[in-house]
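Next, two complexes with chain A in common: one pairs it with chain B, the other with chain C.
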Partner chain A sequence: MVIDTLKCVGCSDCVVACQTENDVPIGYCRDWIVETVSGTYPNLDLELKSERCNHCDNAPCVRCCPTGASHSLPSGIVLVTADECIGCGACIESCPYDARYQHPDGYVDKCTFCHHRLEKGQLPACVSVCPTKCMYFGDLDNPNSEVSQLLKNRKYKTLAPEAGTNPHVFYLI
Partner chain B sequence: MTTSRRKFIKISALGFGGLAASTSALSMFGGNSYLDELVKQSVSKKFNRTATYCEVCFWKCAGWAHTNEDGEIKKIIGNENDPHCYGRLCPRGTGGVGMYNDEDRLKTPLIRTTVNGEETFRKASWEEALDLIATKFKGIKETHGAESIALFKHGSPGSHLEHLFKAFGSDTIAEPAYAQCRGPRETGFGLTFGSWVGSPEPTDIRDTKCLVLIGSHIGENMHNSQVQEMSDAIDNGATIITVDPRLSTAASKSEHWLAIKPATDLALLLSWMNVLIEEGIYNKKYVEQYASGFDALKEHVKQFTPEWAYGITTIKPEEIRKTARIMAAAAPSVIIHPGRHVTWYGDDAQRGRAVAMLNGLLGSWGNRGGFYFKESLKVPKFPHPEYPEPKWGWREIGEKYPYAEMGITTELVQATIPSEDNEYPIKAWLVAGTNLVSTLPQREKTLKAIDAVEFMVVVDTMPMEITGYADVVLPECTYLERYDEIRSATNRTPSIAVRIPVVKPKYDSKPAWWISKEIGERLGLQDYFNYNDFEEVIEWQLKELGTSLEEMKKIGVKVFDRKSGPLFLREGENYIFPTPSGKIEFYSHQLAEKGFDPMPVYTAHPEPEQGFYRLNYGRSPMHTFSRTINNPNLSDLKDENMLWVNPKVARILGLKKDQEVWLKNQDDILSTFSIKVRVTERVRWDSVYMYHGFGHNNKKLTRAFGKGASDSELISKVAIDPLMGGTGLRGNFVSILTENPYKNTEI
Partner chain C sequence: MQEELFTSGRNIPKIDPNLEIWHWPISLYLFLGGLAAGILFFAALFYLMGKEKEYPGAVRYTAIIPPIALSMGLLALVYDLTHKLYTWQLYTTFRIESPMSWGAWVLLIVTPLSFLWFFSFYSENYPKTEEKLKLFKKFKFLTTFEQFLKDNRKYIAYALIPLTLVLGVYTGILLSAFNARPLWNNAILGPLFLTSGLSTGAAAIILLSRSTKEKHLFGKIDLALIIVELALIAHMIMGYYAGSQVQLEAMQLLVGGDFTLMFFGFVVILGLIIPAALEFIELIGYKVPVIVAAMLVLLGGLIFRFVMVEAGQLTRFLY
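Here is the complex of A and B:
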């Protein structure tokens, strides 16, 4: 997933869309908005971005999960199988992005990139609804995909690269 | 807590798209059996979608409400053919289902009564409530005339009740959307181009080379198609110039953010015109062909040099020149955006005119990347007898403002307060879909008027503050539960959208069309309501428009071909502007004749005294004014507002992040609730900022009550626009109290 911070207005539509799509209980969220202000008036920079699970290649949540509930799919998507989750919370602690939360039903929940939509050829709910169209989703292994092209042609960053997680959410800057 | 596997499946088996997954797709992610199961379940579920258009704000985006097998609304998504949303709703539209689910909704009709000397509401049947309203309305009509019953309205319910009022003989109608919002710009553009800007604004943002925003914060106001087009403009490499004392979201996306001193925008606009003319970089060909009064304007703006403006606006002369040149280079593909909420300082119609004139100098009106010629479809009126001619109405009440072209709410309020020289005494109110207590400035005056009315009815979905003052409260059902008028949109191409009930009305709530009809029939106006169900009205209208309800239920939105000609001026086209001179009027003879400045003049506005800060306010992208604060989905995103304070101010006053403070304005009015401090560089040191709509004081709004502070209760001073009666709201100043002023008082 690629997110263009130059277009994001921080409206939180991605957050509500995710909540209604995935029945995330009110009071919880799988994605959220981060606002960063730097400089002093009037020489200021404001960055707005939508954050979520980074679906890391080297995912600490998968490594530390005692039951194997947290797992990576061959496509790179990291999921939690709720049936196998004992709600111990080790993954919540291990995640450098604070992307996971304890669902009131006792298991740990987080962004799935809307795998149930992807299976049907639809984009994740957050991407499909964003009024600024600042989110892009696709196959990074395909050099011709929109996401690959964006990363080739634009400046970007990832979050907490020092954690060595090799995240799969990229921010255009 | 134990994990219920059954429940989990129920919660997670999603996928409302209703599209079948192919077997090959099932194995796309590695043939995980658990996922396969989920997908199978989601595919086996049947979801229905119903066409609607949103009512969470006035943009009225068309969408599809998705319901599951149990008939529950699961989500709402945009209609791809809708020019208001291009298939993408904003957070409020996506969270619109919260409006339906809100358990604090008004549930039954209520009638004011006295129990043991205390006034309270009692539940009533519709029959009783409607009978009471009809009896009261008849009585007031007999004694004072139907004209003395006023309608304050907003949104879709307003149009049904407007029909009732006109049939009854009252044109005493107003909505805050005019004199508290966009009225002044309509006057300004009307006087210059001969046309209102209208809604949605006919701005060709997606194709512009340069977008100039004057205090307009697209991206925080989620005027959907404009937000989307601004994003397209960013992709296309357009230059954005934002004039705002605050680093708004739009300002942060701008190549040039002009951090202007508040209340000085008109000086900047005049100075930009000075640069364009003095440097000879205005659109000469366009001006020569389409404008009148250029020589007068040239003479007029000679004095308004960037150096002059620098002393007023704090914007450096070279910045003013540079930005003017950028606009000129982009012209005519440039938009000086008219803004929307423009009732700021009382000279707003003249500022609107300056914005229009600047667009005129650049030639953007009628050119690609500027303003397009909008077009909408006229929906035929369902046949009814002629409305009677009222003796007086909103026009007479606002007659001292010659350019008021809609009712002025605050003048209707004034006409309700008894006084000897009041020629147009208002005796009763019906308030539909607008929380007047929170929407209008000078709350004291509103409450005085409410105190004076003989009878007051409120129609709303939520127990807003205004409902607490009503004699009768009627619970309206939400937009997801009713038919409404056909939405005819003014856009590049005309289109219509329908609103079909997704679910049955919850509780004992009813649609406004039904309420209007029922009251109408009790008033002997059945000929005006010649149908059993509003569905019949739409059906008839759709047939007249060459479509059908059946078709519209399937498509939701229908786009028609343009009939009025091209979107833009043709090369050298002999276009006649609908002004008295047929040209764009830089010099306005009609203004001069009426004793107003024929061309805008900058006047200094009051500034805060030491220890006071200008109270600025604006939109949060997750909310629509005060009406959505209690929405469970939207309050989850933002449940309170904060007071934005510059770090310099925080240092002087010793304010810390998240500290609770109270506000006291220049008239010693105290905020009812405290507000938390947000220390941020995004605001200037001479002003504070907060999101509008918070600080509800009706306890029945369980999520919104006491959350944050209300900006509107602190707006006790207004500067009235002499042209059209708009109420300038940005001249109020607050001091910040760190001690609880109520600690010795019970509230």
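Here is the complex of A and C:
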């Protein structure tokens, strides 16, 4: 997933779309908006971005899970099988992005990149509703995909790369 | 100069205040697990060295603590799970990369062994209780069972030594495997928790022992373990100083932050330095109550787990 921080206006539409699509309980969410002001007055810079699970290549949550409930698909998407999760919280402790939470039903829940929609050939709910079209989703292994082209032509960053997780949500800057 | 003035972070009412998801049962369990590992390690070691008669406190009297400690610890662990009905999923797989999986399996073996170990000393340790309960008279097979355990005690002891070491180290590795929590993420936590567990085990033996000679020996052992523990803590702090920004920030919780009094006051001074001093004074021939030192070591060990678990969860990469 690629998110253009220069186009994001922080409207939270992605958050609401995710809550609706995935039936996220009230008071919880799988994605969120972060607003950062940096610089020295009067030269200030405002950055808005939508954050979520980074579906890391080297996912610490998958490594720490004692039952194998947290697992990586061959496509790189990290999922949790609710019926295998014991709610120990090891994955929550291991995530540098704090992208996971305990569902009121006990198991651990997080962004799935709307895996059920991808299987039908649709885009993740957050991407499909974004009013500024600042979010892009696609196959990074395919050099001709829109996301690969964006990362080739634009400057980008990832979150907490020093955590060594090799995250798969990229922010254009 | 580029300066970050403000980050909104997140404002998710039901998630953010609850990210510190490991509560007191985890700290309590880490203490009880370490204590049981320490006691069983010394018991098995002294039994195999043929010192059962000489040091009955280490081998026999303390045998009642590990089964209780491990059972309570296991209950505490399950109590802190949020999807409790699925706990059995732990035992459908072994995940070599997950410390918790290691711990779950080791506990599954050590806990029954600790019960067997206790039971093999039952009629020796508690002849009066047996007179009242008359268990052996009521259930004939218990006599054969106890005899079987007595005959095979050596094998239990051989199994316990590596298993208790894994259990002791695992209580630390459980925390240090999380790179997202910089305070925990250092390799010294495993040996540190093992040393602390052995030290609390030695302290428990001092408390239950009835012979001066045994108290004296375990005072010496405990003193050595405390010195190693202090050295490991010094290494841990040095490691944070030499670490990355997130580790420097994490260390500030312990050095000059909210947990300084708890860590240096209660854990280092009250739980390590004062008992070490008392044990040293006793060692050079003065009469001091070693029981006080032993109690302080146990209390310090407990507070140490609480400090590490609570403080570790406040440290993170983002927000």
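In this text, the second predicted complex is superposed on the first by the 171 of 173 C-alpha atoms of A that agree within 3 Å, B and C clash if a C-alpha of one lies under 4 Å from a C-alpha of the other, contacts with A are read in each partner's own complex, and residues count from 1 in each chain.
Going forward, a contact is a pair of C-beta atoms (placed from the backbone, for glycine too) under 8 Å apart; a residue touches a chain by one contact, two chains touch by 3 or more.
These figures come from a predicted structure and were not determined experimentally.
Shared-chain residue A:96: touches chain C; no touch with chain B. Once the two complexes are laid over each other on the shared chain, residue contacts for A:83 go to chain B and to chain C alike. In the superposition on chain A, contact is made by A:37 with both chain B and chain C. By the touch criterion defined above, A:50 reaches neither chain B nor chain C. By the touch criterion defined above, A:134 lies against chain B but remains apart from chain C after alignment on the C-alpha atoms of chain A.
Comparing which residues of chain A touch chain B with which touch chain C, the overlap comprises 27, 37, 39-40, 44, 82-83, 85-87, 105-107.
The part of chain C that touches chain A in the complex is made up of residues 1-16, 18-19, 21-22, 80-84, 86-87, 89-90, 92-93, 95, 97-101, 103-104, 177-181, 244, 246, 313, 316-319.
Those residues of chain A whose C-beta lies close enough to touch chain C in the complex are 25, 27-29, 32-40, 44, 51, 60, 63-69, 82-90, 92-98, 101-102, 105-107, 159-160, 162-164.
Every residue of chain A that touches chain B in the complex is listed here, in rising order: 6-7, 9-13, 15-17, 19-23, 26-27, 37, 39-42, 44-48, 73-75, 77, 79, 81-83, 85-87, 104-107, 115-122, 128-134. For chain B in complex with chain A, the residues that touch the partner chain are 1-5, 7-8, 11-12, 14-17, 19-21, 25-26, 28-30, 32, 34-35, 38-39, 42-43, 74-78, 85, 88-91, 94-95, 97, 219-220, 222, 224, 227-228, 230-232, 234-235, 247, 249, 251-253, 257, 259, 621-622, 632-634, 636-638, 646-647, 680-685.
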